[in-house]
Amino acid sequence: GLASAADSKAIKVATQSPLSGDQSVVGVDMKRGAELALEQLGKPLADMGFKVELAPFDDQANPDTGVANAKRIVSDPAILAIMGHYNSGVQIPSSEVYHTSGLANVSPANTNPKVTTRGYMEINRIVGRDDVQGVVGADFALGLGAKTVFVLHDKTAYGQGIAEFFKKRADEIGMKVLGFEGTEEKANFDALLSPILAGNPDLVYFGGMYSQAAVLFKQARERGYAGTFLSDDGFDSSDASKIAGQTLIDGGGSYYSTVSGPASVYAGTAKFIADFKAKYNSDPQPFAAQGYDSMAIILKAIENAAKAADGAVPTRAAVAQAVRELKNFPGITGTFTFNQIGDPTVAKYFVLKVNSADPAKWSKNSIVKTLDIAPPQQ
Amino acid sequence: MALLETINVMKVFGGLTAINKVNFQLEPGRIVSIIGPNGAGKTTFFNTLTGIYSPDGGEINFNGRSLVGLRPDQIAARGISRTFQNIRLFGEMSVVENILVGMHVHLRQSPLATLLHLRKFKAEEAEAENKAVKLMQYVGLRGVGNELAKNLPYGAQRRLEIARALAADPLLLLLDEPAAGMNPQETEDVTRLFRSIRDDRGITILLIEHDMRVVMNISEHICVMDYGEKIAEGTPAEIRSNPRVIEAYLGRGAVAGQHEEKLI
Amino acid sequence: MITTGFRQLFDRFNHGLWPCAIIIGHTLLGTFLVYSTPRSSLAFLALVSSFFSLYYFKADTRFKIVAGVLLALVVIPVVGVRNIFYLEVIFQICVFAALALGLNIVVGFAGLLDLGYVAFYAVGAYLWAFFGSQQFYVLHFAPGTQPSNLPFLLPGDAFYLFMFLAIIVAAITGVFLGLPVLRLRGDYLAIVTLGFGEVIRVLANNLDKPLNFTNGPQGITPIQRPTMPEPLVDSFNNVFGSLIGHQASIADMYNVMFYFLALAMIIVIIFVTRRIDDSKIGRAWTAVREDETAAIAMGIPLVRMKLAAFAMGASFAGVMGVLLAASRTFISPESFSFMQSIGVLTMVILGGSGSIPGAILGAATVTLLNLQILQGFSLYLSELRQSDAVIPLINFAWRDLSTQLDPAKYQRLLFGLILILMMIFRPGGLIPAKRRKRRLAGEEAVTEQ
Amino acid sequence: MSVLSLANVHSHYGHIHALKGISVEVNEGEIVSLIGSNGAGKSTTLRTISGMMHPSAGAITLYGKDISKMEPHAIVLAGLGHVPEGRGIFPKLTVKENLEMGAFTVTDHRLIQERMEYGFSLFPRLKERLSQYGGTLSGGEQQMLAIARGLMLDPGILMLDEPSMGLAPVLVELIFDIIKTLNDKGTTILLVEQNALMALSIAHRGYVLQTGEIVVSDTAENLKKNPLVQKAYLGMD
Amino acid sequence: MNRFLQSINARELIRPLGQMVVFSLGSAIVLSSIVLTLALGLDQTAVGLALQDKYNVSLYTYTLVNLPQVVIDGLTIGFVYAAIALGYTMVYGVLEFINFAHSEIFAVGAFVGVEILIALDHSGLLRSASLGMSYVLLTFAIISGMVAAGALAVTVERVAYRPLRGASRLVPLISAIGVSFLLQDLIRLVEGLTTGDFNRIFPSFGNFDQRLNFGKLALGETTINLGISIKSIIVIVAAMLMLMGLNYLVNATRIGKAIRAVAQDRPTASLMGINVNRIISITFLVGGLLGGAAGVLYALKFTRIDPFVGFFPGLKAFAAAVLGGIGNLTGALLGGIVLGMLETFAGSYMGVFTMGAAGSEYKDIFAFSILILVLIFRPQGLMGENVGQKA
């Protein structure tokens, strides 16, 4: 129809994250982070005459939906890149689609190794990997003095993945792994708790999301378990303490490893938090800052690619290339350079301790360990 | 040799012996009735013969081979067809289709022929359809071939059930109260029909009926049951005058009373 | 009232040359719309719906076949390659139509309520996922810990062989499940099949130890596709390149190929279903559905007939599973949830239980709603939200609209409503099953007497 | 005095026009018999009266009250009993419970007991089968149960739909005797029967239905003599 | 008063209690002997050695010491299933169809109860409540949940099922599936618009989270605290009361008799003077009340609920109802207990017995497999009666 000159330079950046359901708390804020980045950092592109729009998609934390969306995304030539996915289980199949159409993907949260180990040119992430995070968790557990451990996971690609790495490391460093079980159960953990309580391990590890982990921890405590809980970045949500409350503090307390520290640990995030609060009237959930950074990287790459194309709309391949070529990009959660498979050359890993039963104080959880680790060479 | 022979057949429900050691022989080509008070075990006897119930004892031989342990569909394939006391048609199927279902055991139709519509298949279907139409007309149904069975009036449904049973070309036809709910006129029609089924098609008929006009009219032999046991057997004349039968079943009025000539 | 008015209008145009004109007009219009506005959902609907004018209007069969073939084999691939998403939607429609047709045999024809139908789909998908990937070499690794660059067990072209194998394996699974449970009454069968569906999913989720068959929740990837000959891509580009406006890539051509495969399967399925339905087996199914006792007394072997229905329905799902695994190159247990089974059941019922065109229409409607309409609507809302637009009269700024109201989130609500309303107002479905009227030669002669 | 009257009643099953404007009067203390061939609409008439289906046109009055729009349970309370075609036994209630259901609207326990005993005196077989499930009774036993259950209510008007169907000849006689006795005790009776001869021999008046219309109505005596009735319904040539 | 007492049929009150005891003991004994036998058999094998290595006890001791707690856990969840199963069974009994929406009616009950408590929590009332008061408040929440769920159930019947009476069997079933979906999203919509939350949390107050300890059992180097939490006791007691109440209603009252008659033959029931529509509404009401109560109890026991919370318990409860023989109240009780016990036993012991090869992730399909097995050998369910259909 009425294609004007301005329209011809219209470009879109897609996002995919769970906007509905269980995990929407984090997924929505991830999208908002990206939205905020576009608002704040879109100026250079606008100055070049581009009209950049956000195309948010809801992957419902479900691989089928993610893939269907992905097909829709790649079919829109105006979309030049995608920020996305909260769940590795969704990112992995969806990125098969991005890969076949050469669409650049920057992931703000997906930690499963397979996200990058397939070696796809278009796929990148700005966070660490579970084969490191699991190790960090196991080493930390040993540091706490745990000699026996029971490992659980939620039977998702992500949860099982990290739990496998935790277990492998725990075996290596001489901890006794009393059991390794996955469960899709969301409410009644009584049966699962029997072998745990019988073994009375020093530490219980849960690979997966808070909504299960917190319920499990609460029930374990109520049955008299006094040891320590350790979980992963899936546990990082204030809802965890809403569910389990005081039981997280009791006994040996609760810890979780993450690849995304509380927004306050990063030098550049003070302004982000303030802006986010001003715009959305709530504190950013974990990974909102990463959403912001992923978007920032995408915008920068588009800008670079457009410049290389003399101000024309760049091709997807050029954008994907430009993402990889960014060097020392200064984001609010770190400075990013991607290696040849799309991992950041260095990633931060944190271990946090739950300090308060009050959900409002979740972001005040104390960091008990911070590590900078390069991704495994593979 | 008897077409059907039961030796000491038993059927027990909980504490109730519904059929108690019934010995029964049916010669081919006859029309035989089973009568008896309500709850005597007549329908149960049919259900045992056709495999709906498995007997709790005794032997059932049909055409020289035992039926015990066979499934109902296997028994049907051996040549026993039946109608039901409360009509059981395939309501959502058309009249012709109901009859075609009755032919199930005779249709060959290999999967390949079915898929490819080989000439063999088409010829067989056409022939079956023809036969179905003839059967409809034979039992007195006209112009309702494409009608849904459930939309037929009651009497027509009874006839359709008979046509469906005949479609299997049975050796033995079991009819459970086929004239129930029919008025005298209609009763007379179906009685004629039964006779013709035997005469023209040579099908042996075993009949349960409470309507003595039908029973006395066409049976060559009558078997009387009470409390699960066979209490009498004989020609209509013998049965009519058997005091035990009168007592248990016919009632004195039927013999002495006013409607005798009309009833019998 | 409305429907009768509509009927009259429809009937007015449904004779003479009108139908041909309408069909051609509809198709051309749809094609033109999609061609000129390749991103518009409405245009796409216009095109897809031309299949229904093709179905509904009376026209010469030869004309219909030619039109249908052109539409399916030329128009759809060409506009599909222009906007790959359409091809994906149509592929999904085909897959679900095939599933719906399969379930239709079980539910619609034989009257057996199967709430775990998707299990057979999973069987097919995992069959190829295991043999068509590197999974064989991963048997001894915990999920996620295997080394990279493993070889493939079988060449990609074994895919075609596995389409056949899947038919057999799924059918055997169907028989295996059916044997013990088919004696159960309706509702019991429903819960048992539901349980079976869960069993298969949970097995897929957990058979990653002691030996790693399924790779558990991580799913299996990459899964191979059959080879795509370069010359084919080139010749497609040579012929249609100018129409499409860009060079079709191999990835595009794979989409076309899977679309064709799915279409071919549907045609086979329809053919088989119709032939079987019109034979003694089909009649036996209906008889069993209507009255089991009477059916068995007519000599119909109940269990064998039910098993046949189960196995046939299962085998259709099995093939489509192989197709899905190859087209996705990824398979994980989450794709085979109870929701999927219910989704397929919805399609069958919505279209009309026992009706072949109904099953297809049901599949198309639900898939379109799911992939196209709801999502499209949500995207549109989000665009509005990013703009400064306000709703005129009430002066409500779109940007203030809660994201909680995104239509894409309310799939279930919509399905639920559809199901309820359909059951209340049109329990026979959109295209209720038609009984074939037989031309009973002998009978008419008699009636005329 | 007319206790039940139908004026120009029409009934439909979907598109099937089963009753095409029938008018029937039943007077206090009468036995009125409906006869007609299969599918004539006899059962439909009873069903329409007892509210199991609603007439599409026409008026039905019971004791002077219009009941054409009332639900069956309310009509029962108004004093009309209906022993339906096909018996309607509760298959998973025992014989005793089936009988108790018949007296659902009766609260006096002693009365219930009394009527039950009366039922047993008519059909001793039922007493033998007291705790057997209704569904496993033989056809005739079910018929006995249905009638006995109909009596539990002791309604002012009792409608019986083919009460003799499937009964042994001895019982057929018994049934008609019972009807007669009931009537003598004051119950008004509307009777549908295939066994027209027997029905007319105890009825006061009768109506003949043909494809949803009343073709003849007269006293029972006259009907027995009516050639049309004799030929079609009495099986006399 | 005296007359009232006389009119109570004591047998109908005591019978279900007896059944509960028998079923609980029975399934506990059967399952315990199975696992103990297995443990004895596997003790000297690799399985026993592996356990010895990790836990420092023999497999047999491990199994034995864990048993009492496993039984308690099994019973608790079993009673939850039984309480939900009652709703399915009531409706199935009367209308012969699976009320798929019962799981959402259950969920609505849970939500209403939890929202009320959350509101009370925000108002500070919960924290300041005395122990007695907290029980009062809990009861209030339960009753509110019941009322809401009951009203919903009646409405659903009125709107989505009543117009379908007399249609073929699949039709109302599909409509019920539709209602179930619709309600899931409606709950989500309402929650999303009002609170913005997906997960809702049962506030902690009173002493419900506390645990009564019966003692300690030594197991190798550690000890196991044998006990039961107060909330589990509440769940069990409430479920028992519900069962007894319902049993009484159905077997010993006029309404119950009418319900049974309507269940079997609606037209005939109406000819007996029974108002069929009212009875069906009452049935749904009762089913809904029970479902609502079960929902709040479930939230109390498991803390977290979300709009899809009904799905799995609903499925299990339905399986329990079928297992017991659907349409049969005692069957629902038995099915619930058996299913709860089975899955708890499987979840607790499977991992150990298979050396971790198959753990508690199989507990659900274990339960389903048993269900399938039972139905193969007893197609009418454990307690279902096989009333032969006459040909």
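We just call them A, B, C, D and E in the order they show up, numbering each chain from 1.
Throughout what follows, a contact is a pair of C-beta atoms (placed from the backbone, for glycine too) under 8 Å apart; a residue touches a chain by one contact, two chains touch by 3 or more.
The shown structure was predicted, so the numbers you read here are calculated from the model rather than taken from an experiment.
The fewest steps needed to get from subunit B to subunit C, moving only between touching chains, is 1.
With chains reduced to the mean position of their C-alpha atoms, the one farthest from subunit E is B.
The mean-CA centres of subunit A and subunit B are about 74 angstrom from one another, to the nearest whole unit. Separating the CA-averaged centres of subunit B and subunit E is a span of 49 Å. Our note on geometry: subunit B versus subunit D, Cα centroid distance of 29 Å, whole angstroms. Chain centres here are Cα means. That of subunit C falls 36 Å from that of subunit E. Shown for subunit B are the residues in touch with two or more other chains, namely 13, 43, 50, 52, 84-85, 88. Multi-chain contact residues of subunit A, defined as those touching 2 or more other chains: 20, 155, 182, 184. Residues of subunit C in contact with two or more other chains: 202, 205-206, 293, 297, 409. Partner subunit C is touched in their complex by these residues of subunit A: 1, 19-20, 28, 53-58, 62-64, 67-69, 71-72, 74-76, 89, 92-93, 96, 100-101, 112-114, 117-119, 155-157, 159-161, 164-165, 168, 182, 184, 378. The touching residues of subunit D, when paired with subunit B in their complex, are 16, 35, 37-39, 86, 125, 132, 136-141, 143-144, 162, 165-174, 194, 196-198, 231-236. Within the complex formed with subunit B, the residues of subunit C that make contact are 271-272, 275-276, 279-281, 283-284, 286-287, 289-291, 293-302, 435, 437-438, 440-443, 446-447. The residues of subunit B lying in touch with subunit C in their complex are 50, 52, 71-74, 76-77, 81-82, 84, 88-94, 96-97, 100-105, 107, 109, 114-115, 117, 121, 125, 129-130, 133-134, 136-137, 142-143, 145-146, 148, 164, 168.
By the touch rule above, subunit E contacts subunit C in their complex via residues 92, 96-98, 160, 163-164, 167-175, 177-186, 188-189, 192-193, 196, 315, 318-319, 322, 326, 356-358, 361-362, 364-365, 368-369, 371-372, 375-376, 379, 381, 389, 391.
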